[in-house]
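You will see two complexes here that share subunit A, one where it goes with subunit B and one where it goes with subunit C.
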Partner chain A sequence: MSVKTVITGIGVATANGLGVDEFWAATRVGKNAIGRVTRFDASSYPARLAGEVRGFEVSEHLPSRLIPQTDRMTQLALVAADCAFEDAGVEPGNIPEFDMGVVTASTSGGFEFGQNELKKLWSQGSQYVSAYQSFAWFYAVNSGQISIRNGMKGPSGVVVSDHAGGLDAIAQARRQIRKGSKLIFSGGFDASICPWGWVAQVAGGRLSTSDEPDRAYLPFDAAANGYVPGEGGALLILEDIRTARERGAENIYGEVAGYGATFDPKPGSGREPGLRRAIAVALADAGVEAGEVDVVFADAAGSPDLDRQEADAITAVFGPSGVPVTAPKTMIGRLYSGAAPVDVVSAVLAIREGLIPPTTNVELSPEYDLDLVTGQPRTASVRTALVLARGVGGFNSAVVVRATG
Partner chain B sequence: MSEQEFTITDLTRILLEGAGAGEGIDLGGDILDTDFEELGYESLALLETGGRIEREYGISLDDDIFTDHRTPRALVAAINGYLKELVAP
Partner chain C sequence: MGRRVVITGVGVLAPGGIGAKSFWSLLSEGRTATRRITFFDPSSFRSRVAAEADFDPHLHGLTPQEIRRMDRAAQFAVVTAREALADSGLELAGFDPHRTGVTIGSAVGATTGLDDEYRVVSDGGALDLVDHTYAPQHLYNYFVPSSFSAEVAWAVGAEGPATVVSTGCTSGLDSVGHAVELIREGTADVMIAGATDAPISPITMACFDAIKATTPRNDDPEHASRPFDGTRNGFVLGEGSAVFVLEELASAQRRGAHIYAEIAGYASRCNAFHMTGLRPDGREMSEAINVALGEARMNGDQIDYINAHGSGTKQNDRHETAAFKLSLGDHAYRTPVSSIKSMVGHSLGAIGSIEIAASVLAMEHDMVPPTANLHTPDPECDLDYVPLTAREQRTDAVLTVGSGFGGFQSAMVLARPERSVA
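Now for the complex of A and B:
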């Protein structure tokens, strides 16, 4: 019997809000949440803007037992997990512990925690380093902490493939649902707005150095000149549609219907980048024709060379201006492992409301044959959405989400 | 050097600083004879606690300190033993 993997719960934390309602209220109208870095003094760094999660008081959400052992990205993820359970109407204790797992993505790990401990190591000595440094920095720590807190002992893991990882994790979660798990958490969180994390991001060479929050991250714009990093992400609860219906799930947001992942050819080979094939594979996996896709959530790297590659891939599959394209991440910055799960959230909410959130601040360059949704949100009947994500080093992933009703 | 005393108040303060308290656990309550494990502290939390005690009091604890002393009462007594040795070796 075929298994249909559906999204039944959402936890989200981005610069545009904590929780689904706050997030969507801001996202649907294109509210720009990019601003000056406030988590540390970034005035002497080449990049000074970020999409920060504001007003998050961890002690209001988590027991003190968890706070000294967790990086900010883990704290956000744990709170998002609690929200997702609540949204799904599931008490973790009501499902057998080996039938629930956690598969998340991570790009940086716990940089802020690691920075603080390294500082103690070099200024005070090794005996001052927290024992929790052993795991608090680690890529897999969000999966581990969510699993421990909620008693989820089923198949779990972490995927590390930069932005693409957010979709790769969702695909792995879908595999586990197909293999018989009842509930899998998936998604990703990164939060590296601290000096050490910032230096690592600056070294990537693609950060915007603009000081104007509404002119800094402009994918597909003639003025595109890098991206603004953000923090946060999203967690999704995935279930088989029958399991979800049997327990009377209130929210069945949409189906994870297709997935494709490819790797770019060797640089300099002159061969076509892998994104178009990833899209083709995802559509075939979903059994969807290009003409049935109602909106594409772009990776939107924000650098002219990468924007060109993405626009070419979209145009090759859908034809010139053949499908509405949007990049709500222009409001909150690029969230690394968290970016694509947040786009999947926007995609299912776009399906629910029949509204495509805009690419904020951007004016489409005439160089691209794209139907980019800019300026205002666009009302549209959305039943099938495609989410794209690329990771540094050649990762390309695509996910098709589809209405279930 | 005069002898310092290590009390349950010191222990609960250090536990809270290094590892926090679990949901529903009141470290201000009667915990003297409750196992650390029951209080929600796994080996890493105890490692962190031991490290903090060593730093603050300038002592070096045995690796087995928490396996030999599983409750706050036993640990407080053991730490005071170390502090005594410090002044009268």
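Now for the complex of A and C:
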């Protein structure tokens, strides 16, 4: 009996593209989409670059009544959900309502919406706060709004584990498919490029202060000096492979074959961080040997200490330069809960095309024994990919995706 | 049947009851912890009552640096996690950190800390381009509430899977339900699981004022939370945390642990209807109850007590009354149903876990906590809601439910392990 959970639909929105085709056309060739912040005047802040989603006109996609009650990250997620259904060739109305669910990750919720209401509260008074504030900003809003828009009543959920959460959501979605749900949406979206969100991200102390878009977010580079935040994310449709084949699914992008998650020892313990263990758990869960992995999509934090930890974990599992490693998020910035789902999208498209997208802008520091794909994309037979994600505090998650053919 | 999951440690921090013992005293005596808000001047708000916890972090073992970097909700979670771990005796027995995970539920994360810090960096809402030089480093921990699970993991020494579950007002049930799945599937052997929220801040009061979800019964704060009462007119905001130690049954038995209850069944569904509204028929909550009972291999008539969501809004109390009837049939009329929100208020994402704590303590003491302030019957709420005084009765199996914004409906069945079918 097959128990494969496969990806059959994709909705994606990032700085380098809306929709799978546009996204991949830019990503496969390493197109840098990082630029100056335009959503507000960032010139007085220590960080001034971002990966902003451009050309997204919400009124072209969503009914007007939804717009005032949703944050930008929810608008992007709702549109991505529509795209994913279309990509999968599924009409939500044709699936029993209790057999469809939504499991998303979130990092900061509808932060810009919250900012605007906090401003009204403190500058005008409590009676000016919007009735929508009660649900527009909280972390559960995307799962709730997607389920409502598409009539999905099955097992659903929301997880928050900083940048690692997107993989945890995909793992939880796979759990629900294995328990019998027919279709689960999974992924994550964040969009906190607003002054209040910016200040919170600056406070974390890990943002790049560079003003050069192609020399700002440089994981594994000798000049690594922090990351550039982005906005956007991806939503995936997951189904059991039998369900997908029975309905004649056009796109079976790949299998979510393995997952592992760990938490680092408390800082100062001097013990090994948990990433290597997360990789080992994910590979074992997938029944895959390290030698079978064709590419690793790195978390690529972009700070020397964190890059060192990740390089050590990859080297410990795969050997020195033992596997091609890439970080296409250097094109679009780090997307928080959306980061890892976007990497899963890149991974399945890399499998499909036989091409590893490059780590744009980065020149590998000789300090790392990594086979980092830089400069040009690399043609390669890719059947198995490993996606890594870490969250501030010590969250480590790893997912193995595999070709189904 | 595969691995079975039991609760072996309980930690609770609720208004009027810090620590499981004092929490149970409050409930069993039917006392209420709601009062006029003291955390800030509430006079400009429509609803001016809340259930506040008198919590001094210094008295609960938190260090000055921990207090500085943690939002109040994170502080709650660390305190209750430590209580649960001590209660379980697991620390002395030894456990493998790699096989120990953490799930903490929270609906609104560090909303109080964010409200406070926004006020400063915006200089009282005056600045659009808020001033980063006034932001503390720990603002990032408020920005991303997964910091709550990180703090708990550090406090207990867990290095397995860790996350925050944030499904609005069902977070406290869903967080524990998620942890149960991780133990059942073999990903972890021990989970430190629960929920926390500390939402009593101007922004939270303002947003619930705006939709008239909270009660305007400001002249009688001690009796303001009135679930299932005919005069109810909204919920009373609360705060708190409950965290549990969950273990696989066989290993808990081997080490001779005290077993409070087995988490025999759990399910969550969505109503796919409205972000804040409920259909009166209760169909989706009923579906969650049915699936949870099925997972527990129990029939509705084996349930001895229903710990209700019972928020005290007009629509909620009707909605879940309908759901109980749909799932339990005539047995719904014979089963005591009560809402502890009448005493400790509605602490959003935390309350689901606090209600699990109330449920296992009801089993522990063979006593059902009451619904305080219930004097006036409502013809649409016609079950036995245990008004005013606790009831001694044999309690082997409890159904606890939650319902929340976003449409989430969750149900959990707790049972004495010897009672549920092996």
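Of note:
Throughout what follows, the second predicted complex is superposed on the first by the 403 of 405 C-alpha atoms of A that agree within 3 Å, B and C clash if a C-alpha of one lies under 4 Å from a C-alpha of the other, contacts with A are read in each partner's own complex, and residues count from 1 in each chain.
Keep in mind that, in the parts below, a contact is a pair of C-beta atoms (placed from the backbone, for glycine too) under 8 Å apart; a residue touches a chain by one contact, two chains touch by 3 or more.
Since the structure is predicted, the reported quantities are computational estimates derived from the model, not experimental observations.
In the model built by aligning both structures on subunit A, subunit B fits alongside subunit C without clashing. When the two structures are aligned on the shared chain, A:29 is found in touch with neither subunit B nor subunit C.
Using the contact criterion defined above for the overlaid structures, shared-chain residue A:131 touches subunit B and also reaches subunit C. After superposition on chain A, the vertex angle at the CA centre of subunit A, spanning the CA centres of subunit B and subunit C, is 60 degrees to the nearest 10. By the touch criterion defined above, A:102 lies against subunit C but remains apart from subunit B after alignment on the C-alpha atoms of chain A. In the superposition on chain A, contact is made by A:156 with subunit C only, not with subunit B.
Once chain A of one complex is fitted onto chain A of the other, the partner contacts of A:222 are absent, as it touches neither subunit B nor subunit C. The partner of subunit A that touches more of its residues, comparing subunit B with subunit C, is C.
Touch criterion met: A:68 reaches subunit B, while subunit C stays clear of it.
Once both structures are fitted on chain A, no C-alpha atom of subunit B lies closer than 5 Å to one of subunit C. Touching of subunit A by both subunit B and subunit C, each in its own complex, is seen for residues 69, 127, 130-131, 134. Listed in rising order, the residues of subunit A touching subunit B in the complex are 63-69, 127-128, 130-132, 134.
Those residues of subunit C that touch subunit A in the shared complex are 44-45, 97-98, 101-102, 107-109, 114-115, 118-119, 121-122, 124-126, 128-132, 135-140, 142-147, 149-150, 153-154, 157-168, 171, 174, 178, 181, 185, 202-203, 205-211, 213, 267-276, 284, 287, 404-408. Those residues of subunit B lying in contact with subunit A across their complex are 16-23, 25, 40, 44-45, 47-48, 51, 54-55.
Interface residues of subunit A, counted against subunit C in their complex, comprise 40-41, 44-46, 69, 97-98, 101-102, 106-109, 111, 114-115, 117-127, 129-131, 133-135, 138-141, 143-145, 147-148, 150-162, 165, 168, 172, 175, 192, 195-205, 261-266, 274, 277, 336, 391-395.
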